[in-house]
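Okay, got some structures for you below.
Next come two complexes, and both contain chain A; in the first it sits with chain B, in the second with chain C.
Let's turn to the complex of A and B:
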């Protein structure tokens, strides 16, 4: 099975990575944040040309942000989710623009919505929100209803 | 002051294109730096349609999220419902009956068709073929009426639910659809004569807005802009969902890489959509249209993370869904094909082009602004 082959290849190449086959065409791999760049370069060489999405999940209970890099191959159809955890107090991550150029807008979006800093990304200016001075709004501790009460006058 | 003393920057003017423009679907603003008519620099300004849907999905339950998700893409709402339903089905392990898969296929192809008609209108409008808008709108209205027959609403249907569809298709729908298909083919034939084979259209589009295969792959481009570079990537073939695995259809490609090739791919896809709908009506099995799911307020969805994808009218639409064992979704991240098209490709393509090409390029890449803003 091609998914199983990829999982074994990844685990053989990256000692600190844990991979599993979630289902047909889905491989999930978790690894330390320092090794992500090497992993993505390795995957790109293997034919995973398409960076589909970068997602951020706020695990506030664990004091961590999870960044999920979705890359897929047009040949095998496999969609790989590479997951790294970063510290929530001091969220800094290396930009993946050097590997996948279209990481730029996704990192910019995560910077705006979660407050994660991407070193190496040249343009992290706000994209969606106008003159925003509060907590980054997609964080779990940002309460939309309380914000509306606080900011907008109902009188 | 003599000509030599004027610096290059002083010759440039910053123009604000949008946020309201008749040739562009949705509100966004582009700061274009021009010298005369030639574009030197492009900066995208978004957020006019940011409604915070992903945040709202985290505060409502799983099922009440459906009225939100269909509004993510105004032009093509059904694929967003399908993504959300597929994500919940995979998280919760809900099965979909075969009849519902066929009904979903018909609804999704109707969604693609009406979205393609809106693209056609934008493309025609950007070049002054206003008659096409009327012809296209008449046919789109018939599709919306048929949606109203199925779901009780014209634009936002909230019809696809976890475990199937909200109700079975009504009597008379299949006949109406079978009558519509030849009528629409006739309109397409007329549009071919007036627009696609028109010398003005070809002059404006051939060799314009070239996006090479290498660049398309590098920037994460999907959909018609990728297929116009010769790559036959279509999620319906790569990872068949709904009933696409049982139906025969082609993935049209071109190799011109220009605006004309993209338009011809879109044109050919409309024929394929009609063929898929015909086949699905023909082969639709009997049976229930919805697998009764437990009370959605008592759903117990285990902690999990899934990614699901479909081929929307614009390219690969994806959804990354995270559940944490509670009665609400932890994170639902939408991957719209318009984001790489609009934020990465468009600013690069526009450099060197002239101001009247902006609306044309936005239509050519079929960018949906609400899908970027969410």
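Let's turn to the complex of A and C:
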């Protein structure tokens, strides 16, 4: 199985990483944030040329943000999800633009909607929102109903 | 407006006759309802039967179609476009989102009710309304023009403070300064 081989390869190469095979063509890797750049460079050398998406999850109870980097290979069809946790109070992450150039707009979007700061990404200007002055709207402590009532309800 | 016999309007009220049969919507599409506009304008439903044709410039158009949800970003351009149109101007709201927010009732960037920001002459409910419903709305607008009740632009002039207060609360002071420039140009 290609997925199992990749999992073993990753665990042999990265001592702090935990990997598992979610299903056919899906491999999930969790690892500390310092090692993410090495992992992505390793995967890129293995033929994972496409960064599909970066997503962010707000684990408010644990005081952490989780960043999920989705990379996929056109040769094997495997889609790897690399997950790292960062501190929620001081959300700073290293930009992955040096490895995958198209990380730029994804990081910019995450900066806008979650407030995560990416060092090394020099254009984190607002992408979608106009004149936003509140908490980043996708954070779980942002109260959307109260905001909508305050700003959009004129009754 | 006094009653007139059917068929003699071109003689008694020529300007109204012209307004009624030359509804020129500005080509401004917001949200998902805009996908219903091409078949309405083109061969399948052929809106030019009703004297309609899309216009590229707000100065030449007299109808503004709001075809779907309005984010704050889009609403700014809608208001700027509406301010640049010449009277008489009509607003047709399309779909359930401009009525009460629809799917986006609780959202961080979508307005709930269009009438708070702009005067609306005809509401078309549905998600999405079919082109038939849109053409019914156009016929309704024509009837309103006949009766003289399509007076959204007059309401906008009379209640300018009301609309301006809501626009300022949602869109902020910077945008109101931009609008002052538009007003100055239109003078």
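Convention: the second predicted complex is superposed on the first by the 152 of 155 C-alpha atoms of A that agree within 3 Å, B and C clash if a C-alpha of one lies under 4 Å from a C-alpha of the other, contacts with A are read in each partner's own complex, and residues count from 1 in each chain.
Keep in mind that, in the parts below, a contact is a pair of C-beta atoms (placed from the backbone, for glycine too) under 8 Å apart; a residue touches a chain by one contact, two chains touch by 3 or more.
Please read all numbers here as calculations on a predicted model, not as lab measurements.
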Looking at the overlay on chain A, is there a clash between chain B and chain C, or do the two fit?
fit
One more residue to check, A:131. First (chain B), second (chain C), both or neither?
second
Once the structures are superposed on A, label A:148 by its partner contacts, choosing first (chain B), second (chain C), both or neither.
second
Which of the two partners, first being chain B and second being chain C, lies in contact with A:53: first, second, both, or neither?
first
According to the stated criteria, A:101 is in contact with first (chain B), second (chain C), both, or neither; which is it?
first
Could you give the angle made at the Cα centre of chain A by the lines to the Cα centres of chain B and chain C, to the nearest 10°?
40
Minimum CA distance, chain B versus chain C, superposed model, integer angstrom?
5
Touching both chain C and chain B, counted on chain A across the two superposed complexes:
128-130, 137, 144
Note: in the complex, chain B contacts chain A through residues 46-47, 50, 52, 54-56, 58-59, 217-220, 222, 231, 233, 238-239, 305-307, 309, 316, 318, 320, 322, 330-331, 333, 335, 339-340, 343-344, 373
Report the residues of chain A in contact with chain B in the complex, numbered from low to high.
22, 25-26, 28, 49-53, 55-58, 68, 70, 74, 77, 79, 81, 100-102, 104-106, 127-130, 137-138, 140, 144
As the complex stands, chain C meets chain A at residues 72-73, 76, 101, 105-113, 116, 166, 169-170, 172, 174-175
Using the touch definition from the top, list the residues of chain A that touch chain C in their complex.
128-131, 137, 142, 144-145, 147-148, 151-154
